[in-house]
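Across the two complexes that follow, subunit A remains constant while its partner is subunit B and subsequently subunit C.
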Partner chain A sequence: MHIPDGYLSPQTYLPLMGVFVAVTAVAVKKVKLDVSARYIPYLGMAAAFSFIIMMFNLPIPGGTSGHAVGSAVIALLFGPWAAVVAVSVALIIQALVFGDGGITAIGANCFNMAIFMPFVAYYLFKLFSVNPMKKTRVFIAAFISGYFSLVLTAILTAVEFGIQPLIASDAEGKALYCPYDLSVAIPVMAIEHLVLFGIVEGLITALIVRYFLKSDPGLIFALRNKKGMHHD
Partner chain B sequence: MTKLQRKILCFLLVLCVLTPIGILLPMVFDAGDAWGEWSATTLSDLIGYVPSGLEKYSNIWNAPIPDYSLNEADPSVVHQSGYYIVSGVVGATLTYLVTLLISKIIVKNGD
Partner chain C sequence: MATNLPRYLMQNEPVITGETSGKKVRFSVIDKTILNAAKTVKSIYVQAENATEGGVLHSIHPKVKFFALIFMAVIISLVNNLEGQMCISVFVFILVLMGRINIPGMYKKVLFLAFFFGFLVVFPASLNIITSGKVILNLVSLNQSYQFWIYHIPQNIGFTSEGLQVVGLIFLRVWNSISFSILIMLTTSFPAFIKSFKLVGVPDTFLMVITLAYKYIFILSRTIEETYLALKSRLFQNPGNGQLRKLISGRVFFMFKRSVAQYENTYFAMVSRGYSGQIMPEPPQPLTTKDYMAIAIVVLFGIAVKFI
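And then the complex of A and B:
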């Protein structure tokens, strides 16, 4: 899901870079308000977790590979705004140091995986308004949040790929950037994330949330201000 | 550092050591690149040409550790697994420190 350099036209990557910068500016303000100092070490670990989990490429046998992102669990544990900061750092280091994701596509990749995904994950989870005491329900809500946030992010990425032939082709009709249109990009990206990578994201999200629910439930951002929770 | 934080760090370290799964599994199941992440050469094999804009941009950046490998030409799977672990440790540590620094700056300014 890391769009490389050359797959997006400037008409696509420049606006997304602008959106990313603007949202990051808001995220800085929100984190300042929402995040207490005791969260800081966790944010570093969350960013590192996202970096590492994206290295676990999983195969669609005989086809393509892909991976989980970790944005969903970070959004549930520490809030979507904190996830914006943590996952953006991971993505920018992946692009700069490891060439994973393009330099020109940093805005697009951060918009997809560090902005869209954590917010979708967070609000999906909130839809269920689960009681923190009901551990199975929390587990299921967290799974759904991870699963669908990754699938929807894959579809968003597919749309960015798929509109390129519409935006930029040469006189002979050959694409200048990503050559595959929406009719190819969306089904491929949606299906591979529906059948495998989304399930992994869902399981990671649910298992880690369950672990935090046992060890330090007061920490979980998405379960604050619910009956049955202790506050500190 | 709290007990929970120490546990998370250990967990992250274990994950780093396990990262070669991310190159071995796709190899075993004969899976290629992620969709849309092909190099210009691979894309040319797929569609018969390299889109001109893609060609122009594709080499815009030379990453110091491309593809999480210290030596991409090295055919040894064991060596590549080692490079992958090193990349994981380096990348995760860098990500951890940068995020820590940024969050400290943000939260400090909020007081």
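And then the complex of A and C:
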């Protein structure tokens, strides 16, 4: 999911960097309003937790294990605006220190995984975890939230890849950046995320939310202000 | 070697072996999850903190290195020919030689990342199924060509010269970008590097969040390792997958609680030192002649490789 350098043309990475900067500025202001002077250490903590959650592998039914992108679970635990800053910071540290994701692609990666994915995940969860809440319903809502937010983010990434041959080719029509057009990029990314990575993301999101729900439901931002929570 | 790093960050031995009461217990998922996470985080921190000592590149101002990283990343993305990308590879290699760093270690990491992201992913584009052109090496001959919906499968499938050029260009771009960014990070203290983000207008607030997150991550690395030790000490047989899922979800919850506690302690420490929500930025360090020379070399090279 992390786009490396070399795959996106400047026509793509510059606008996405602009959107990322603008949305992050709004996100910092929104979180500042919510937690006042505490917002800096709060966001630092959320970013560190985002970074660490991306490193936890969970065994998945079927004999394999995987780690989540984590944006969905971060959005549910901290809210979408805090997730924008937290996941962005985690992605920036990953790109600079691990080489995971490109330098020119930081804006695109943050747009996909720190803006688009948390908001999709958060509102899908809100949509499916309607009152009165039951644990099973929350589990399913968290799975749907993780699954579809990742699949849709993968399709968005595929579109960014797929438009490269259309907008950045040489005079002979040879691709200068990602060589796969939309007819290749979208099916490949969609299928692998629909049948594998989406399920991993959905299960990890659901398992973590279920544990939080059992232990301390007040910690889940997406469930605050919800009434009528009870056990199945 | 004298160092200011906490002792737990310098310990390389595993905290506990897989043997428990004479009976071997397999912890593959837990190992992968908890211990590897802590080890990775520790190694990064040690590398970043040791980056303040060494050769010529270490003494260059972090702002100059930040500028060079962004400038070169953009140049690498704009150079669309193999010769230009090869010139950049040679330029980066010369800088690596000047950097007094572990060259095999660095290029091992570069090779792994570039092979995975810059070769494996893009390799199918060398075939005429993806990139049309003159086939220079035939791989498979079918009875006839096929048309499935919008997809065309040619009768002869093979490598095209155009496709190989595309693969070569993307591979070299990824290679150059990763090698240059790793070189910069190996020769620069991460917190000092982060402060140079101000060059592109990143506000102090955001820099403070990154710096705090970076510190939290390494403080939490100790918690991760202690968690691993505690978990391993209590297990005497292979846990089932269901039990493992519960255990690891529980560790994530525990990490969350520790993160919140860490954040609250940090906030109270900041308040006790007079913090009221306003950031007081440090005065900037002036650039030296060596820094200006470094800027000139990078800019002149970038312009030359792009336009000449």
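To be clear about the criterion, the second predicted complex is superposed on the first by the 191 of 232 C-alpha atoms of A that agree within 3 Å, B and C clash if a C-alpha of one lies under 4 Å from a C-alpha of the other, contacts with A are read in each partner's own complex, and residues count from 1 in each chain.
The criterion applied here is as follows: contacts are C-beta pairs under 8 Å (C-beta built on N, C-alpha and C of every residue); 3 or more make two chains touch, one makes a residue touch a chain.
Worth saying up front: this structure is predicted, and the values here are computed from it rather than measured.
S.K.: Quick one: is A:Ile93 in contact with subunit B, with subunit C, with both, or with neither? Answer first, second, both or neither.
M.R.: both
S.K.: Pick one for A:Ser183: touches subunit B only (first), subunit C only (second), both, or neither.
M.R.: second
S.K.: Let me test your reading of the model: by the given contact rule, A:Phe125 touches which partner, first (subunit B), second (subunit C), both or neither?
M.R.: Neither: A:Phe125 stays clear of subunit B and subunit C.
S.K.: Does the superposition put A:Leu77 against subunit B (first), subunit C (second), both, or neither?
M.R.: Touch partner of A:Leu77: subunit C, not subunit B.
S.K.: Let me test your reading of the model: by the given contact rule, A:Leu207 touches which partner, first (subunit B), second (subunit C), both or neither?
M.R.: The answer is second: A:Leu207 touches subunit C but not subunit B.
S.K.: Under the stated touch criterion, which partner chain does A:Thr24 make contact with: subunit B (first), subunit C (second), both, or neither?
M.R.: Second partner only.
S.K.: Could you say whether A:Phe139 touches subunit B, subunit C, both of them, or neither, answering first, second, both or neither?
M.R.: neither
S.K.: Identify the overlap between the subunit B-contacting and the subunit C-contacting residues of subunit A.
M.R.: 4-7, 9, 28, 36-37, 39-49, 51-53, 55-59, 61, 63, 65, 85-86, 89-90, 93, 95-99, 102-104, 170, 174-180, 215-216
S.K.: Give the list of subunit C residues in touch with subunit A in this complex.
M.R.: Those in contact with subunit A are residues 29, 32-34, 36-37, 40-41, 44, 48, 69-70, 73-74, 76-78, 80, 109-110, 113, 117-118, 122, 125, 130-131, 133, 150-151, 162-163, 165-166, 169-170, 173-174, 177-178, 181-182, 185, 190, 193, 203, 205-206, 208-217, 220, 224, 241, 244-246, 248-253, 255-256, 259-260, 262-264, 266-267, 270-271, 275-277, 279.
S.K.: Looking at the complex, which residues from subunit A come into contact with subunit C?
M.R.: Touch list, subunit A to subunit C: 4-10, 13, 24-25, 28, 36-49, 51-53, 55-59, 61, 63, 65, 77, 85-86, 89-90, 92-93, 95-99, 102-104, 170, 172, 174-180, 183-184, 207-208, 210-212, 215-216, 219.
S.K.: If you look only at subunit B, which of its residues touch subunit A in the complex?
M.R.: Going by the criterion above, the answer is residues 1, 4-5, 7-9, 12, 15-16, 18-19, 21-23, 25-26, 28-37, 40, 43, 47, 49, 51-68, 84, 87-88, 90-100, 102-104, 106-107, 109-110.
S.K.: Going by the contact rule at the top, pick out the subunit A residues touching subunit B in the complex.
M.R.: Against subunit B, subunit A makes touches at 1-7, 9, 28, 31-33, 35-37, 39-53, 55-67, 85-86, 89-90, 93-100, 102-104, 157, 161, 168, 170, 174-180, 185, 188-189, 192, 215-216.
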